[in-house]
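Same chain, two partners: chain A is paired with chain B first, then with chain C.
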Partner chain A sequence: MEISSEVKNESLIIKPNAQRIDSSVSSEFKTKVLDLLNKPYKILLIDFSEIEFIDSSALGSLISILKSANLQNASLAICGAKFQIVNLFKLTRLNKVFIVFEDVDEAEKFFMNKK
Partner chain B sequence: MITQTINFSFENRIDLIQTIGEAIKSICLFVIKKEEVAFEVELSVIEALTNIVQHAFLEKKTQTIELSLTLQEFEIQIKISYFSDHVKKPVAHALNFDPKDIKNLPEKGFGMVIIKELMNEVIYKSEEDKNVVLLSKKI
Partner chain C sequence: MNVCEQFLQNHPFFIDLDKEEIGLIKSLLQEQKFDIGETIFQEGELSFDLYFLVEGEVSILKSDIDKESQSIIGKLQPNEIFGEMSFLDHAPRSTTLQAEKNTVVLRLLWEDAERSISKETLKKITANLMLINIGRLRNANQSYMKQLKHIDKVQEIQQGLLQHEKDIREALLEAASMQKKLLPPPELKLKNIHFSWLYEPYQVVGGDLINILPLNENHAAFYIVDVSGHDIASAIFTASIAQFIQQFNVSNELIQTPLQIINALQQEYPFERFEKYFTLFYLILELDTGKFLYSSAGHPPAVMIQRGHKPILLESSDVLIGLKEFSSPSMGKQQLQSGDKLFLYTDGITEIENTRGKAFGPDRLYSLLESCQNSSVEEDILKIKHAIKSFSEPAISRDDVSLLAVEFIK
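Entry: the complex of A and B
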């Protein structure tokens, strides 16, 4: 799975260049994101705008990434998630764990105003 | 609508699950024309198959899984059959975690929760010498 990343100010923006994160790639996704968290970023934005499908293994990977970000005192947000994926967060109560934004711009504005 | 059943037979390989899931989604979408229902059926099938491949077969690589998809006017039924000595019925863990207690958030156990939420009926049983998972969803 290809992942692109961009550093903006104190934020790391990660975008999986794939349409699906399921059990065949979820652990690779987690490892690649965790490898990118080698510097103390304040904000980690995961851009899900290309993602059409995730399963429970992807949810597990996101939680693992959140735990690592939390250890670094970094905030994590999901951006651009499709309706079905947002629904999956609600179904599993993870909407109470992850902040979800319409897109990366909205997330950046939110964290900018929070400063 | 005429009842239609489509049968699949495939090896217990994790890399085949996506193909099966996408095929089922495409068929549901073509027949029922409801994107949300097709997504939910695909996700439930993928969760059930992942559980079987990862837990029921253990190291056996050549076992076959049979899946039948039945589309009726008001219901979709999926029957998954497989041989295995290692049957462990998955448990839907209660989602009673504290969202603020990040270090203790569960990383596993969401699969069965998802299936039970999205399907109207979920049955795990033995039939002759096979293990069977039945999923049904009203439409």
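Entry: the complex of A and C
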């Protein structure tokens, strides 16, 4: 699984270039993101705009990533998630856990204003 | 004495030949040089010359069956003869010979041999070449025997692996039969309740759990669990959850509400403990009246079917189990009338995809469940099973598929 990443100010923006994250790639996804989290960023944005489907193991990976981000006092937000994925977050009540934004731009604006 | 003459001293090729004969043959030999990688002759080629390797190294190559690649089947060192088979039988070259190092050979052209060497001498040469070949065959036999032994060894290892795989498979099947025992036994009798279930792990064992716990004369708990992942670890996790809920109910004298159960589970199973989470739908039913209390932790909504009505969705009130820092569960209340049904399921059903990648989806499930009226729960399960199958085939589910159907009849 390919993941592109970009550092902007104090944010790390990560984008999985895949359509699905399921049990065949979820642990690879987790490891790669955790490897990128080796520096203390303030904000971690995960760009989900390519993703069409995630399963329970992918949610597990997201939770692992969230826990690591929290340990570093970094905020985690998910950007550009499609309708069905936002629905899954609602269903599992993870919308209370992850901040979800329309896209990366909106997330950046939000964190800028917060400063 | 030049290189060639030195080389030809005492070569087995010349056994039984007199000085004159040897002198003649020597005069026919032509010295030839090949650079590294150069081909001396090609497999399939029609040429019958005989070669003596003086210096360097030559590899013998044979095409694989598919003719697309070649393998090295042997290497020749100085003093060896090659090309003798076509020299003897005039059949096309059976192998390709290639210089592995800078190589010097002495070549006896077939035309020269035929023209200048007498039949008597040729007979002797033929006999010598055959002796040389017999020696080679012996060596080949020995290395063939060695290879056979090697094959035996490989087969032995393969046998071991197969046995190992069989053992694992058997252990898994045993685990699966234990996991089946965690499911509600069909012989379980509850007042005013009919139930049936569907449980199809994606692999031999699964991360789903369905259970019914009689709490006292008039109350029973019904619940469904979906652990993240569907591997052996997930299956072990379901056993731990079943055990915990059982113990939690037994050790408390009063009936524990769904809310208390969820709070206890959030405490017991933080995500960090197993790096896994689960979703759960839990309800306690009063068997006399059909009244029930329910809570859900991130689980797909249970569906309540009342005759002649639209399905009622019992939505989740709490985050999935494992994130207690975000947990704030609540409880819902409903009542079943005689003939009403409840369906608890895991997302394996709604996420099942057909070959075009389209998911079964919640809406299709709701309308299917809505049609489950005036039928027994056993018939409902068969109908659902059939609907999933005909939607998805020939694609197969990539998740565990579980569903519990409960009917209240008074």
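Note that the second predicted complex is superposed on the first by the 115 of 115 C-alpha atoms of A that agree within 3 Å, B and C clash if a C-alpha of one lies under 4 Å from a C-alpha of the other, contacts with A are read in each partner's own complex, and residues count from 1 in each chain.
In the analysis below, a contact is a pair of C-beta atoms (placed from the backbone, for glycine too) under 8 Å apart; a residue touches a chain by one contact, two chains touch by 3 or more.
All figures in this text were calculated on a predicted structure; none of them were measured in a lab.
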item	value
Fit-or-clash call for chain B and chain C when the two complexes are aligned on chain A	clash
Touched partner set for A:Ser23, first chain B, second chain C, both or neither	both
Between chain B and chain C, more extensive residue contact with chain A	B
First, second, both or neither for A:Val7, with chain B first and chain C second	neither
Chain B versus chain C as contact partner of A:Met112, first or second or both or neither	neither
Partner chain in contact with A:Lys67 - chain B first, chain C second, else both or neither	both
Touching partner for A:Ser56 - first (chain B), second (chain C), both, neither	both
Among 2-10, 128-136 or 362-370 on chain C, the segment whose C-alpha atoms clash with chain B after superposition	362-370
Chain C-contacting residues of chain A that also contact chain B	22-23, 55-57, 59-60, 63-64, 67, 91-93, 96-97
Footprint of chain C on chain A - complex, ascending	22-23, 55-57, 59-60, 63-64, 67, 91-94, 96-97
Contact set on chain A toward chain B in their complex	20, 22-24, 53, 55-57, 59-61, 63-64, 66-67, 70, 84, 88, 91-93, 96-97
Of chain C, residues touching chain A in the complex	207, 226, 228-231, 271-272, 275-277, 279, 297-298, 300-301, 316-320, 322-323, 326, 347, 351, 398-399
Chain A partner contacts - residues on chain B that touch it in the complex	14-15, 17-18, 21, 36, 39, 42-43, 46-47, 50, 54, 95, 97, 99, 102-103, 105-108, 110-111, 113-114, 117-118
